[in-house]
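Same chain, two partners: chain A is paired with chain B first, then with chain C.
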Partner chain A sequence: MSGAVMAEKRVFMTGNEVVAWAAVAARADVMYGYPITPQNEVMHYWTRLAPKHGKIFLQTEDELSAGFATIGGVLAGKKCFTATAGPGNVLMQEPVSMAEMMRLPVVVVVMQRGGPSTATVIYSQQEVTLTTFGGNGEGFRVVYSTAGLQELYDHTIKAFNTAWRYRFPVFVLADGYQAKMREPLTVYDPVERGIEPVAPEPYVGRPGKPGADRPPGHYRNTYNTEEELYAVVLEQAAEYERVAPEIVEHEESGAEGAAVLVVAHGVVARAAKQAVELLRAEGLKAGYFRPVTLRPLPAEALRTAAGRAGRLLVVESAYGQFARLVRDALYGLTVDVVPLYKPGLGITAEEIASRCRELAASSARTE
Partner chain B sequence: MSFWVFEVRRIRIVEAYVGEYAAGKSEVAVNRALELAREGEPATLVDLDTVEPCYTLRPLQEELGAAGIHVVAWETRRTLGLGEAGSVLKAEARWALRRPGHVVFDVGYGVGGAKALNLVEGVEHERWFNVLAVINASRPLTATVEGIVAHVRDLGPVHGLINNTHLGSETTAAVVQAGAALVAAAGRSLGIPVVATTAPAAVAAEIGPYDPAAHPVRPLRRFMPRAFW
Partner chain C sequence: MERKRSIKIVVAGEGGQGVQAVAEILAEAAYEDGAQALYIPAFGVEQRGGVSLAFLQISDQPVAAPKFEKGDIVVALSERAVRRTRQYVGPETVFIYDGLAEIKEEELPRTARRILNIPAVAVARAELHPRVFNIVIMGAVIGATRVVPVDQAKKALEKRLGYKFEQDPKLRELNHRALERGVELVDGILKGGGN
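This part shows the complex of A and B:
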């Protein structure tokens, strides 16, 4: 069955459940997975939905296997995905690197938990570096960082289309809070909204004689010479840079002339947005900038916003992983970047607002 | 006559709230325990979630204790060093039925979680024991009569249903009442009574003491927005 998931409807769900429903809506065929908190209910709900929608689930022996099985399914022409977290995301990097090298579409949903290693089971934003640049070599991938359950639904559907349209691995990066939290959202069939799911095609086992009836399907992750690899990497880089403007996404408000521009991503961006609304109601010139894609990063938009702001406050539930991406994008600008890092801890709007008030007061003193 | 009244007043209420993951079991159980505590008898609220222990009740423990409920749940400081302490049942939870007065079990984590009731000592001998399935018909897997029936059958023995249909902060009387009709139909199909409809206080006031399907309406004070999830 490839038909409608359900009529458009307001529902009450948890984030993990949202991912499973969105994958069905995106016409995914198979999920391969290995249990790890906080993503387990993605698998639980997928296994409950799969029989009703003619889908398949396979629990593999670990995340390496889940990732490689996902690639196998994709090569066979199925729309496949997996979900993981923390140490599982570390293992997932090897298969994803292979997908990068072979330019294969895979979708990986990551519910960040605390690290290093097993650490805590629920929440952090400490998998940013790993998820954006975790492969060996210089592979190209797309990372969407969601900030709530509606976005988790919308962007999981979008992730499948981005992956299959551009043939780069795509991550949906959320966290244990988004995985576990409950809120209302609207579910819908993307087709009814004019979002046509990109149909998968088999990469192997196609009819005809390779080289005679059709070009050979030569999907390689091994190269004999440095020169061959060099040419392939440059070609992939050029292709990624060509399509990046079509993929890149951000959200901003009040950035123009902001005394303090709060920069955050994911669930922390919700608090940042709320803090900025609070501060603006108090008359403080605060702005808000949130990259939705962490890779490709909306670097131009961020530079423009930062160039007009007095100071940047970079807020994250990690010790500077997101800030590293931000600073790289801002290279050459003289704007002051102030951190608010709480590795593995949630951050409230009030904490962000009070830090902004302190910054505003200190700039007033120096002026 | 006087003998009968004496008996009624002595009946203790022992209820276990089970149901779909995120159906609202904790919210309903906490409010029920508060209601019982207000009547003056001792009331115990047991967190029987062995998969995600104490995440919902943890930030509320002190407040509920101050409201007169004896809360049996892990405290953060007691779980330090246990890592993923999911399989550790608190001894006090195992023996909760030995406590005097009313006992309310919040049985977390969906169908799998409901099996944890077997871990409570004396459950099979508890004369007034009622297992109540909490249903939110805004949850897609329990959004139809067939879905609710199939789900309740998965839960094991269930004595009554609670219509807890809601959309979080967007809950309206219409949402709750649409759920009441579905849960009532599921109850008929299962041969199980619908014990109550629950709704946030303001919505409950709008509906009145009974919903259109004639279920008594229990107003809910919302605690879960302050819980972990």
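This part shows the complex of A and C:
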């Protein structure tokens, strides 16, 4: 926790580079990683930056190991993270399940690629189900879905604070586009902006005699009885639900009286936002809603927005993974939900706008 | 600086032609010129071979999506690149290709608003050096769009290749000349009503 780690400046860099810089700014200590496209350069940039800031990198033998090593580092009281994608994210779910069980603040950056399996190394939003609810648990984790490189910087910093404050695993969910594209952003030292990094503390090896000087550190991922586990999971559920309102984030505009409310997340939300601006300039009543957190989902805000809109157009580069989260949040409302699914494919503002025009025209005919 | 700009560019060619460098240097120049710029390479699992594509958007407003449907400028530097980029050519597109790059006339996208045959390979070979062929193309893109001032492009070149220029100042001159020739080639065609 020394002075400024980074002078505020305008930069033009790729998302992978942004993550490495943000991790330095967030006072992360160690990255454990295993290479997979499109996140490789997170590791590459981190290994360049790390020695200058007295930080560590370890390449493990696979993503299981990277995840468990991250857990080990966290137990030792270090701010640790890893980055992965696609099949690597599948393997990552086992260590993240353990982190969930033991309430460990691991941070995982995901650059979504096409799926299932090896598929493409390029881009998708097909890791939404996996990242929000993967693992053999209840999905007690936080997932930030970023829509550009400034947000990727801001939310990577935020991810460490959310993790250490609430002690749930935190994902920063981006994609191959954000990983590989270059655009302008401002990097800064969060401390200079009044964002105090939450200090890590060790789980194991703390001073004093356990049971005498301090309570014993008893971190379990194994339980003997159904009742024991039931109590623990219920307690975690209550805690997750208690803190969820403090964590949820969303962005919206023009939902009130919108004939069509476009709902999107991540990089697709950029296109959605522009489409809505285009449509409004044409006089069409279009609105925009974007959850920034996919877990916990800003369900109340979404229900309110949806309740005021004529129809919802859910747009995603996957076949309904995000729409499932949306529909679940909307349960009981009668609003019509129309899909625009492009699994593994980028989506432009123009195609969202033309779908909205079709919808507006068809509802005009039926009225 | 009251310029209104919003331009979408696709550059495509064979691996090794320096396609990504063209887009990246232009993006850097636009960024340094105070514009919003978003550059993204298309990439696949291949380590080499295949068509290399770069998507570049330069605007006064923040850029929405990383990719787009139709380019204002589409540059194709090989026959495969012509085929690969066809989907990005619309009625408003200026299509730039190199006549020496073994591209058949009938492969050209007739939907384009304008098709410019830029003899970048020939000019680079005859007057400069074959290696600066991509910089001639970069000049042509600047000539066709005026999206960044030539001086700003030179600064971006300096940032990327400055260390090489220090070792051999002739390289700097060669690259600057290539850039200027690219601009001239387009100016010549547009003024002369050629193509």
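Here is the rule we go by: the second predicted complex is superposed on the first by the 363 of 367 C-alpha atoms of A that agree within 3 Å, B and C clash if a C-alpha of one lies under 4 Å from a C-alpha of the other, contacts with A are read in each partner's own complex, and residues count from 1 in each chain.
In this section, contacts are C-beta pairs under 8 Å (C-beta built on N, C-alpha and C of every residue); 3 or more make two chains touch, one makes a residue touch a chain.
Being a predicted model, the structure only gives us computed values, none of them experimental.
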- In the superposed model on chain A, is it clash or fit for chain B and chain C? clash
- Task: Considering only the touch criterion stated at the top, classify A:M98 as touching first (chain B), second (chain C), both, or neither.
- Result: neither
- For A:V187, select first, second, both or neither according to whether it touches chain B, chain C, the two together, or no partner. first
- Message: Looking at A:L284, would you say it contacts chain B, chain C, both, or neither? Reply first, second, both or neither.
- Response: neither
- Give one of first, second, both or neither to describe whether A:A299 is in contact with chain B, with chain C, with both, or with none. neither
- Message: Looking at A:F12, would you say it contacts chain B, chain C, both, or neither? Reply first, second, both or neither.
- Response: both
- If you stack the two complexes on chain A, which partner ends up touching A:A349: first (chain B), second (chain C), both, or neither? second
- Message: Is A:V121 touching anything from chain B or chain C once the two structures are fitted on A? First, second, both or neither.
- Response: both
- Task: Based on the superposed arrangement, let me know which partner A:Q274 touches: chain B (first), chain C (second), both, or neither?
- Result: second
- Query: So, A:W21: does it touch chain B (first), chain C (second), both, or neither?
  - Reply: first
- Task: Go through chain A and flag every residue that touches chain B in one model and chain C in the other.
- Result: 12, 37, 118, 121-122, 177, 180-184
- In their shared complex, at which residues does chain A touch chain B? 6, 9-14, 17, 21, 37, 41, 44-45, 48, 118, 121-122, 177, 180-184, 187
- Which bits of chain B are touching chain A when the two form their complex? 21-22, 52, 55, 83-84, 110, 136, 138-141, 143, 166-170, 228-229
- Query: In the complex of these two chains, what residues of chain A are touching chain C?
  - Reply: 12, 37-38, 118, 120-122, 148, 177, 180-184, 267-268, 270-271, 273-274, 346-351
- Query: What part of chain C is in contact with chain A in the complex they form?
  - Reply: 24, 27-28, 31, 36-45, 62-69
